[in-house]
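First chain written, first letter: the chains are A, B, C and D, and each begins at residue 1.
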Amino acid sequence: MNNNPVIEKLGHRLRLAVIGGGTGSFIGSMHRQAAVLDGRFEIVAGALSSRPEKALSDGRLIGLQEGRIYADAMDLIRVESERPDGAEVISIMTPNDSHFRYATAALDAGRDVICDKPMTNTLTDAEALFRKVRETGLVFCLTHNYSGYPMVRQARAMRENGDLGTIRLIQVEYVQGGKANENDPAPTGSVPWRYDRVRGGPSLVMGDIGTHAHHLVRYITGLEVASLSAEVGTIVPGRKTHDYAGALLHFDNGARGCFWVTQAAAGVENSLRVRVSGTRGTIEWNQEIPQQLIYKPLSAPAEFRTPNGPGCYPSAVRASRIVAGHPEGFHEAFANIYADAAEAIVARRTGASADPLALTYPGVFDGLMGVRFVHDVIRSSGDNGRWVDCNTKEPTLA
Amino acid sequence: MNNNPVIEKLGHRLRLAVIGGGTGSFIGSMHRQAAVLDGRFEIVAGALSSRPEKALSDGRLIGLQEGRIYADAMDLIRVESERPDGAEVISIMTPNDSHFRYATAALDAGRDVICDKPMTNTLTDAEALFRKVRETGLVFCLTHNYSGYPMVRQARAMRENGDLGTIRLIQVEYVQGGKANENDPAPTGSVPWRYDRVRGGPSLVMGDIGTHAHHLVRYITGLEVASLSAEVGTIVPGRKTHDYAGALLHFDNGARGCFWVTQAAAGVENSLRVRVSGTRGTIEWNQEIPQQLIYKPLSAPAEFRTPNGPGCYPSAVRASRIVAGHPEGFHEAFANIYADAAEAIVARRTGASADPLALTYPGVFDGLMGVRFVHDVIRSSGDNGRWVDCNTKEPTLA
Amino acid sequence: MNNNPVIEKLGHRLRLAVIGGGTGSFIGSMHRQAAVLDGRFEIVAGALSSRPEKALSDGRLIGLQEGRIYADAMDLIRVESERPDGAEVISIMTPNDSHFRYATAALDAGRDVICDKPMTNTLTDAEALFRKVRETGLVFCLTHNYSGYPMVRQARAMRENGDLGTIRLIQVEYVQGGKANENDPAPTGSVPWRYDRVRGGPSLVMGDIGTHAHHLVRYITGLEVASLSAEVGTIVPGRKTHDYAGALLHFDNGARGCFWVTQAAAGVENSLRVRVSGTRGTIEWNQEIPQQLIYKPLSAPAEFRTPNGPGCYPSAVRASRIVAGHPEGFHEAFANIYADAAEAIVARRTGASADPLALTYPGVFDGLMGVRFVHDVIRSSGDNGRWVDCNTKEPTLA
Amino acid sequence: MNNNPVIEKLGHRLRLAVIGGGTGSFIGSMHRQAAVLDGRFEIVAGALSSRPEKALSDGRLIGLQEGRIYADAMDLIRVESERPDGAEVISIMTPNDSHFRYATAALDAGRDVICDKPMTNTLTDAEALFRKVRETGLVFCLTHNYSGYPMVRQARAMRENGDLGTIRLIQVEYVQGGKANENDPAPTGSVPWRYDRVRGGPSLVMGDIGTHAHHLVRYITGLEVASLSAEVGTIVPGRKTHDYAGALLHFDNGARGCFWVTQAAAGVENSLRVRVSGTRGTIEWNQEIPQQLIYKPLSAPAEFRTPNGPGCYPSAVRASRIVAGHPEGFHEAFANIYADAAEAIVARRTGASADPLALTYPGVFDGLMGVRFVHDVIRSSGDNGRWVDCNTKEPTLA
């Protein structure tokens, strides 16, 4: 991903404005570093905080010009859309309940959008945003960043190329320990937005990491969850939102699956693991060592795949910046999503055809499916684990 | 486990007769090697096959004297019980549907019993065997051999010593690929006993490996499954028995869990993995690298435990035969179960008190709980995934 | 490393010019991405190739303005030094034999310098460059990037904090397979500069990776090699330069060590591994999984250290951009070296004191020691493996 | 190795007498368990200690009959050789300086011999024992047990089958921490035999583990060390024998190598690792996870080999007792050496041809080469690291 079709084709880097992600937000600097890593974007404007003073100091800290620092995101969208040198792309990394409002405003202003996940808290918003994106024809990219890892792309390519055969069995877990401590959030004091069901969504664990696990499986397998039997709940005493969820899954090709996510597993760092077994073999991937993919054929020795190593398919090679044996990480995976969005935006604007390998980045339908999944899990859980059918259709446009 | 209280206390090795396990049976040589590894048992008699000629040739192959080779297991039990130098212990490694008959006969003949798992195919048999064992007061040991691994014993000891705190979340998987091939069993020809629901039990995958996973969790955590929501089914076309099962679990202390077992994951060898998270930390163990236990405290660096390495509790040290860094494996874990049974048998016979660390070997109640679990999973699966309560009580004796 | 003292203190990003690193050079894009990742540098000028047309097209590709694209590196240094908005820092990533010339010119022009390794091919050049840097007082940073990994910094900090006790034994290997193929370089055609002893230096394997391994050990342990017994040679038939080297080492505190590097190990990717044992414990690190550091205390369980995980010292925490469990890689390690150089440059220019944790980046003395090591290895090897003493003193200044 | 040609062909298990290995000796129980695991040997006699009382109590503990317990090893050899039902094989696990005496006596008495390593302390003894074995035509097996691991046999088979091509580069390390503590042996009190250069040999680290590493390389590669440049010494203060050694190696085919062994690396358990690179690929094996062999072809994805898994050659399959995924360990590797010795002994006695796959067990020439290696390392080390030539020829017989 070292070539830079953006500058070649547009003559300048894409001008990006960021909403949210001020100091103290881990995801903010991640978005910004991902944006600039490959030289496809230039960050020209920002509303990094809803508190005016913080917006100003944070904006200065990241090197924004004075006139391009905004205390109000809606102002940013309006003003930047009107400037001749204004931001062409809006990147949103605010609390979940505001994604819909900012994304819709940006799209209405003709801006391409990059948005953090989960896409929205409600199904209604998700469907409305789906329609908005389809109607405007603009690019909407949702940062399910784990799909940017080279070995995840390799896994997808191996499935596409038949190395797995027909998929039969899928396991995915996303286990963290960051919320295992009973004193988090502090029993007294204001509730952080993530723990507030209005702002953070109906299920913290499902919105935060469940949607990542769900998307990862869909991305690799190309399958949709057709029905599920689930439980979602709270295991840490005193917590007001969900911190674990489990589900048994039927996929639309008949494959079976198991899904387990929690943020309450003391001491576990970020164990997003997936195993996909088909008639011809199994792949295993673990986010904590993302530079390895294990492939276990039905009746031949198990193999490694490593970024830019032997056996990598073009989509994986394209997602690596460096020769084999030099690990890339979370940043580069995240940057791959940004790079793909840039490719799509340039194609949209120039009419040139995009590299098809770039067009697997998560979009608005993926976001909608994630929101549906959250709600389906809650639905089954509330009905004694009954199997519920999942809607896998695109909403009809007006 | 190098000291040998059997010889010290009885003056001779325990005389063991084996039923089943002739050539072609992987588990047969395993039982025999486990029995002799520590010098606590001497194999004196055997009915290795129900086919007379094979019984004879197999018996000779393992070095039995001519007069101690039997073609009929019931004959063996009868004759050996009457000989003054007859077998003191009967080890059963026959198809599942015969465990009950042989075990009952052996107990009736006053023999201590070591039996392969699953204990029985039916709940009725399991409860009857439970009562028989309790009534006779004899030793009954079920070879859930994974509980013999030093690091599994360490995991249990860490839980007992509070290193995990209150257990909240449990994941267990037992994933194999040995039955991923659609041509196994061969479409034509007789059905091997495992694939026959009468002989192999109502659910191949649950009996073969599901009960192992279930016991492993119970052994480490000391908890019982209080209720479950499950699905068990068949994913390989043409197969007549189950090859995968999943379940969400509630434990009797309120902990939540996820259970996934299959034998149809192409290329996977023997991935029995468990993760137990409590308020103070998480442990992770993987049977394919059994010489490592990972301990992740709530807020301190993750640690290894290795057999006979620093930090091992007495029950783990006792289960190792060798200095740290020299891996032991499946055989030694299996032998630990035999060694524990020997300790219990000697204690029973001499009236001496047994080493309490030996008394964690799986017994008849563990076997009953395994059979119940198989049936509960089938029950929930047949009722659309509804949560079903599990009976965790001991049957009343007459 | 998310705060940005450069912009805070200078009011703008450091203006950087790059020499070398055009398309086709893996290290070029690495330098540029490392420079911009944290927003401390802006790349304003470049002489990416000595071929004028390539210099122009490559410069455009990375988004340089037309007037800031140079076909000649010496022109770049002269012109940029005279512009009021000219490059403040020069980054050099050209063939090894030109490092000295460009670095000297840049320093003479008052520019701070970041330079790829090995520093020079000859001892004379290395000593002259040492004196030049000391005389000018400018910042000179050599990109021994492996010392930028958070877990390498943790290793150093653990040594500094006494977690290892007195160091006794050191093993380091740097094993690659990239040059295992006998047809590389192609038997016909021009010789790539790396394989040419004039341009690439007296020993390809020692310059390419031997100096990295040497610096890594010095960085972690704080020790110097006092004497060595070595062999360096060529194992791949037809090759005109070295492709393996081994050495036994005595360190200046009496510790013993073993050093092994090769680029001819077929199929190995980039196995830079180090093990340092002291009286209190051992640390082990492997560049292929850089997100793990293993610490084995003398008599307590082995432990993991992970970036931003429990037990990390401030210098390691500072080198991570992200919460634990989200792997960073080669890029971020490389960027840490750039960030440290930026910190030092700002301190030099503003007179403010730099964060002492930033001042471990490799400098001109490290570069000199690397060149000396290359020559000492060659010297011992040429004298039948005789132990030779190593000069560990700073050259005297005029 | 589950079939049992011993009983088939001789009609009884081989009668084994053990010399040494009483309680407190880790290697004693290992030998005995290895001997009986596969049912090829029966332990009929023993002189477990040179202290009569301990000899008696230890003999009883392992179940020997009263009349077969000896306090003197030479008595054992004499008496057992004369009994019609006497021991046919003598296994020696005494301090190193006595191996020669007991082995010679046993061979003179017409007994086959299994002996612990190092074979002898002196070159003179080693050569004399070589001649004695050749002259008697009896079986002499030296328990370099690491060559019994299935994946080590697989490594050898892969080399033999050309999977590595021509071998170029070899690395071996054997690193332990068991002697890192300065208080071991206790500064006061008698010196344990291992630390006594007369009884333990001229170099503790070389005899204990250096010979293992040396044999492992020879076993896998089929190459001999032709010359070496080495250092051996003492790093732990106050120690009277060697605790580390390093060497650079030239093999007889021109391959280069690096050798590093120490017992003073605090916290390291038993890191015996080997990497062998040839023109077609590299293999890597680590004794701490012996159930994995990594194969890295020149230009195809790296692969695993696992015991009884896909891709295993017959010699590896033969060395596994169990289906893939069920780890075997140190005991089973050790037992494989005993099983091979049994195969050779039966062949010698019956005149039947032995399974050629059994005949790779370490013998008297391997023992001699080990002793020569120890002395060559000492020789080079004493001569300032000068390269010394190694004698790789068999001694001439009288």
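The rule is short, and it goes like this: contacts are C-beta pairs under 8 Å (C-beta built on N, C-alpha and C of every residue); 3 or more make two chains touch, one makes a residue touch a chain.
Worth saying up front: this structure is predicted, and the values here are computed from it rather than measured.
Between subunit B and subunit C, the least number of touching-chain steps is 1. The chain with its C-alpha centre at the largest distance from the centre of subunit C is B.
Distance from the subunit A centre to the subunit C centre is 34 Å, each centre being the mean of its Cα atoms. Here the spacing of subunit C and subunit D, counted between their Cα centres, is 43 Å. Annotation for subunit B: residues 268, 295, 297, 299, 302, 306, 309 touch two or more other chains.
On the side of subunit D, the complex with subunit C involves touching residues 165, 168-169, 171, 173, 175, 177, 180-182, 229-231, 233, 235-236, 244, 246-248, 254-256, 258, 260, 262, 264-268, 275, 277-282, 295-299, 302, 384-387. Looking at the complex, you find that subunit C touches subunit B at residues 295, 297, 299-306, 309-311. Taken in their complex, subunit B has these residues touching subunit D: 2-4, 7-8, 12-13, 23, 26, 29-30, 32-33, 36-39, 60-63, 176, 178, 268-271, 287-291, 306, 309, 321-332.
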